[in-house]
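Take a look at the structure below.
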Amino acid sequence: MTHIVSTAEEAVSSIRDGCTILMGGFGNAGQPFELIDALIDTGAESLTIVSNNAGQGDAGLALLVKERRVRRIICSFPRQKDSWHFDAAYRAGEIELELVPQGNLAERLRAAGAGIGAFYTPTGYGTELARGKETRTIEGKNYVLEYPLHGDFALIKALHADEVGNLQYRKTARNFGPIMAAAASTTIVQVADVLSVGAIDPEHVVTPGIYVDTVVALPGPPSTTGNHRTEAPHE
Amino acid sequence: MTHIVSTAEEAVSSIRDGCTILMGGFGNAGQPFELIDALIDTGAESLTIVSNNAGQGDAGLALLVKERRVRRIICSFPRQKDSWHFDAAYRAGEIELELVPQGNLAERLRAAGAGIGAFYTPTGYGTELARGKETRTIEGKNYVLEYPLHGDFALIKALHADEVGNLQYRKTARNFGPIMAAAASTTIVQVADVLSVGAIDPEHVVTPGIYVDTVVALPGPPSTTGNHRTEAPHE
Amino acid sequence: MNKPLTRDELAKKVAADISPGSYVNLGIGQPTKVADYLRPEQNITLHTENGMLGMGPEAQDSQVDEDLINAGKIPVTETPGASYFHHADSFAMMRGGHLDVCVLGAFQVSARGDLANWSTGSPDSIPAVGGAMDLAVGAKAVFVMMSLFAKDGTAKIVPDLTYPVTGLGCVTRIYTDHGVFLLSGSGASSTLILHEAFGLPAEEIAARLDVEVQLDHKLGSSAEAHFQSPVQPV
Amino acid sequence: MNKPLTRDELAKKVAADISPGSYVNLGIGQPTKVADYLRPEQNITLHTENGMLGMGPEAQDSQVDEDLINAGKIPVTETPGASYFHHADSFAMMRGGHLDVCVLGAFQVSARGDLANWSTGSPDSIPAVGGAMDLAVGAKAVFVMMSLFAKDGTAKIVPDLTYPVTGLGCVTRIYTDHGVFLLSGSGASSTLILHEAFGLPAEEIAARLDVEVQLDHKLGSSAEAHFQSPVQPV
C-alpha cells in the first residue's frame, strides 16, 4: 500500500546504516536529488548503492559519496569527467566498486523484481568482468550466469504519481525507475505532483502502485533537477 | 522497418509449412482472428503454435486446429469448456501438446526477445511439468531452468499502430502481444487503425516499432473480435 | 458456531482475514466469491494474471467488453487507479512476491503446505495448468479454500499429496467448511495448527486427519468447537 | 583516392553503408558523428541505450531538457515516432538482436572480430564500462570506427587483443582512415578482407598488419589503392 508523505525527510526516515539502496537516474536524468539530500541528513552510513553512475558534479549521489556514507557501489559507469568525489574516494581506497555492464545491471534488477533466480546473459562473456563467473554454451552461443540484485530501498524520481502510487516518468528520466521500484523491499519515489486516483489512464501507467511504498511530492520544474543542494564547482 | 499492407492475406503471405508461430490472445481478448483466417487460407500446415490457449469455440485458432494445420502446440491452458476442436485433435493423437505454466510461457517468450540464454524460475519446481528439467537451489529456494521460446512469426492484435509500427493495445487484450512481438523473427500485427507518425505520445508507446514488421488495419469495433469467420455452434 | 460453514460464510471469513490495502489475486472457482465480501474500506486491489491491477466486479449488460476479462475469461470491470500490463510483467509481479495474498482452490494440501490443484491426474483427462503454478509460488501468503473432506469422506489435508503437485511448501492457510488451519515453518519442521473449528469438535477434526495437527490454545481441549475471533489479517 | 580519410569522410562513409529503414545505435565518441551524415531519405531510427528510440540531433539552446539525454549524457531531441522505455527493456532490445547496426569506437580489433574498447587496462585508471559490452554482443552488425594505426605506428587490427576484451567475435566491419575491412565467418575460420584502401597501397596496408588479410578482388593487385563503390549496405 502506498503512503503519501509530505517531506523528503519523512520519506527516507526508515533508512538505516548498512542498507542496500537502489538509486535511480542515468547521470542527472531521473536522479532523486532531494531524496538523496534528505538521506544525507539522516546520517545513515556504510550504505551499498546500486546506481548506473557514481555521482557527478557536486550534488546528489556525488555528495553522498563525498560524505563517505557509501561503503560499496555497484554500477556500470562510475568514472566521468565530473566524478571527482567518487574518484577521490576510490583512489583513497574508501569505497568498494563492483563494476557491472549496464545491461546486466538492468537485467539483474529486473530479475530481482521478477522472482528469477539467475539468468544466462551473453554480455560480458570472455571479459574480465565475468572472471570467476559460471558460464555455459547454449545453442552454440556463450553466456555468463548472473544473479538478481535486490535492494532494501529504492530511491527514484518520477513525474507523476496518483494517490495509489501509479507512476509516470518523463522522457529518458524513466531509465532505471521501473525496474528499481520492483526490485526493492521498500520503494520511495519523489514526484513533481500527486494526482487524484483515476487521473492516470490505466493504459499509460508505467509503474503500477503495487511497487510503490512511499511517495513525496516535491514540486519544481520537471525539466530541471529542482532545488536540490549543490556546492560550488570543484576547485 | 515496418511495412503497412492493406489486406490480411498479404500480411501472412510469407508463412510457410512447418513455421513456428507465436499467436497472441488470452481467450478471445487480443486473438488476431482475421490474421488467423487469412493464415488458414494460405494452406500452411505442420505449424507449431505458441499461444496461451488452444482455441475456443468455432473461430480463430480453434479453426486452425480443426483444419489440422497445427502439428504441435505450446500452451498453458488448452482445455476449456469450448475447446472441442482441440480436444478432438488431442484425443485423436493428431496434435502434440507441450504444456507450460503460464508465467513460464510468458517469461520464455520474454527471454527470447531479450537475448537471455536461459533462466531459473521457481514456477513448476517439484511438479510433473518440470520432469527431466535441470534444477538448482539458489539462496535456499528451488528453481527450474527454462529456455527461450522463439517464433518464426508472431501474429498479434493491437488497437493502434502508427506509420512506423509503434503499438498501443486495449485493456487486457494487451496480454502476450508485446512479448511475442519481440520474440519472433517477423511480427505481423492487425490493428483497428493506423495513425500518422507522431499521433502516439512517445511516453505511451507500448511496443516500439522496432519489433513490428507488418501492420494491417482491419477496421472494426475495437471492443469486439471483429468480423472474423465463425461457424455454427458445435453440434 | 456448531455448523460447518457454507461457501458464502467461508468466502466472508477469508475476506475478513485480508489486511486493508492488500494486493490480492483470487483464483478461478470458489475463491472468486471472496470478492463479494471485501468491504470498500478494506481498500483491496485485485490482480488478474492476464494483465491488470484494479479489477472490478463482473461486467453487467452494457459493461461487457471482450477486451476486459479476468483469468477465467469472464468480462469484468475496471476500478479507478487500475493499470494494464503485459503477461511477462504480470507474472513477474506474481513470481516476484509482490502480491500480498493469493486465494486458491485445491484438491489436496499436505501438512507441509504442498498444494495440488491443477490436475486430477486422471489418465484420460486433457491437462491444462494456466497460472496455477505461478500463483502458488509467488504470493506472500497463499490461502487455500476447499471443503475439508472429499465426497468419500476422506480428508483433503494429507500427509503426502496423491494428486499431481502444483507447488511445494507454498500454502500458508487452509480455509475449509470445518476449520481454518495455519501452516508455519517449512519442510520437515512445518507445523499445522487448527485455529478454528466449525460443525465438529476440534478433536474429532484432528482425529479424522492423517496428519499431526496442533489445536490453537484458544480451542483448548473443549469437546465442542466454538467460533474464534479471526486470526491476524495478513 | 590516395589520401587517408578524415574523420568526417569516414563518418560519411559509414553513414552511406547503413541500409534505409535501419535501427541504429551510435556509440559515444567518433561514432556520434555518423548521425551528421545520415540522409533523411535513409529513414534511420536512432536508439540510445538509456531508453529511447527515435533520438534526434543534439539539443540547441531552448531545446535543452535535462530529462532528454543520450548515452553520453548530452541533451538531445526527439523525432516524430519516438518512444521511451526503461533500462531493462532498452538492453533487452540490444541484447535480443533487434538493432540492425551498432557503430563503436575501439582501441583494438582482432582478426577474429574480438573487440577492445572499454578499458586501456592501465592499472591506475578507474574502470567504467557502461553499455559497451551490451552493444558489442547484441546488434545484427557491429561496425567499428577507428584510426588504423596507433600514434606509435602499430596497427590496431591485431592477431590477439592486448587490451581488455569488450566482446569476442562480435565485430563485422572495421572502418578506418586507411581502409574498410570486412569480417566473415567466426572463430578460427574467420576471414578478414580489406575491401577499400585509402592513402596507402592495399598491399602496404596488408603488410603492416600482423594478421592475414585478403584483398577484395576489386582491389586486385594494383600497387595503388583506389576508391571503391561502397559495400552492400546492411
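Letters are used for the chains, namely A, B, C and D, taken in the order the chains are written, and counting of residues starts over at 1 for each.
The rule is short, and it goes like this: contacts are C-beta pairs under 8 Å (C-beta built on N, C-alpha and C of every residue); 3 or more make two chains touch, one makes a residue touch a chain.
What you see is a predicted model, and the numbers here were worked out from it, not measured in a lab.
J.: Give me the chains shared as neighbours by chain B and chain D.
T.: For chain B paired with chain D, the chains in contact with each are A, in label order.
J.: If you apply the touch rule, which chains end up adjacent to both chain A and chain C?
T.: B
J.: Report the inter-chain centroid distance for chain A and chain B in whole angstrom, where each centroid is the mean of the CA atoms.
T.: One centre to the other, that is 34 Å.
J.: Measuring from the mean C-alpha position of chain A to the mean C-alpha position of chain D, what distance in angstrom results?
T.: Chain centres of chain A and chain D, defined by C-alpha means, are spaced 30 Å apart.
J.: Any idea how many Å lie between the Cα centroids of chain C and chain D?
T.: 56
J.: Show the residues in chain C shared as contacts by 2 or more other chains, in ascending order.
T.: 52, 78, 84-85, 91-92, 94-95, 137-138
J.: Mind pulling the chain A residues that touch 2 or more other chains?
T.: Residues 107, 110, 114-116, 121-122, 169-171, 202-203, 206 of chain A each touch two or more of the other chains.
J.: Report the topology of the inter-chain touch graph, choosing from line, ring, star, complete and other.
T.: Looks like something else, not a line, ring, star or complete graph.
J.: All pairs of touching chains, please: list them by chain label.
T.: A-B, A-C, A-D, B-C, B-D
J.: Where on chain C is chain A touching in the complex?
T.: Against chain A, the touching part of chain C is residues 20-23, 43, 45, 47, 52-54, 78, 80-85, 91-99, 137-138.
J.: Under the definition above, what is the set of chain D residues touching chain A in their complex?
T.: Chain D residues touching chain A: 48-52, 65-70, 73, 78, 84-88, 90-92, 94-95, 114, 125-134, 137-138, 164-168.
J.: Which of the residues in chain B come into contact with chain C in the complex?
T.: Against chain C, the touching part of chain B is residues 26-30, 52, 76-80, 86-87, 90-91, 97, 99-107, 109-110, 121-129, 142, 169-179, 206, 222-225.
J.: Would you mind writing out the residues of chain A in touch with chain B in their complex?
T.: Those residues of chain A that touch chain B are 107, 111, 114-122, 136, 138-139, 141, 143, 147, 168-171, 202-204, 206.
J.: Okay, in this complex, where on chain A does chain C touch?
T.: Of all residues in chain A, those touching chain C are 1, 110, 112-116, 162-164, 166, 182, 197-198, 202-203, 205, 208-211.
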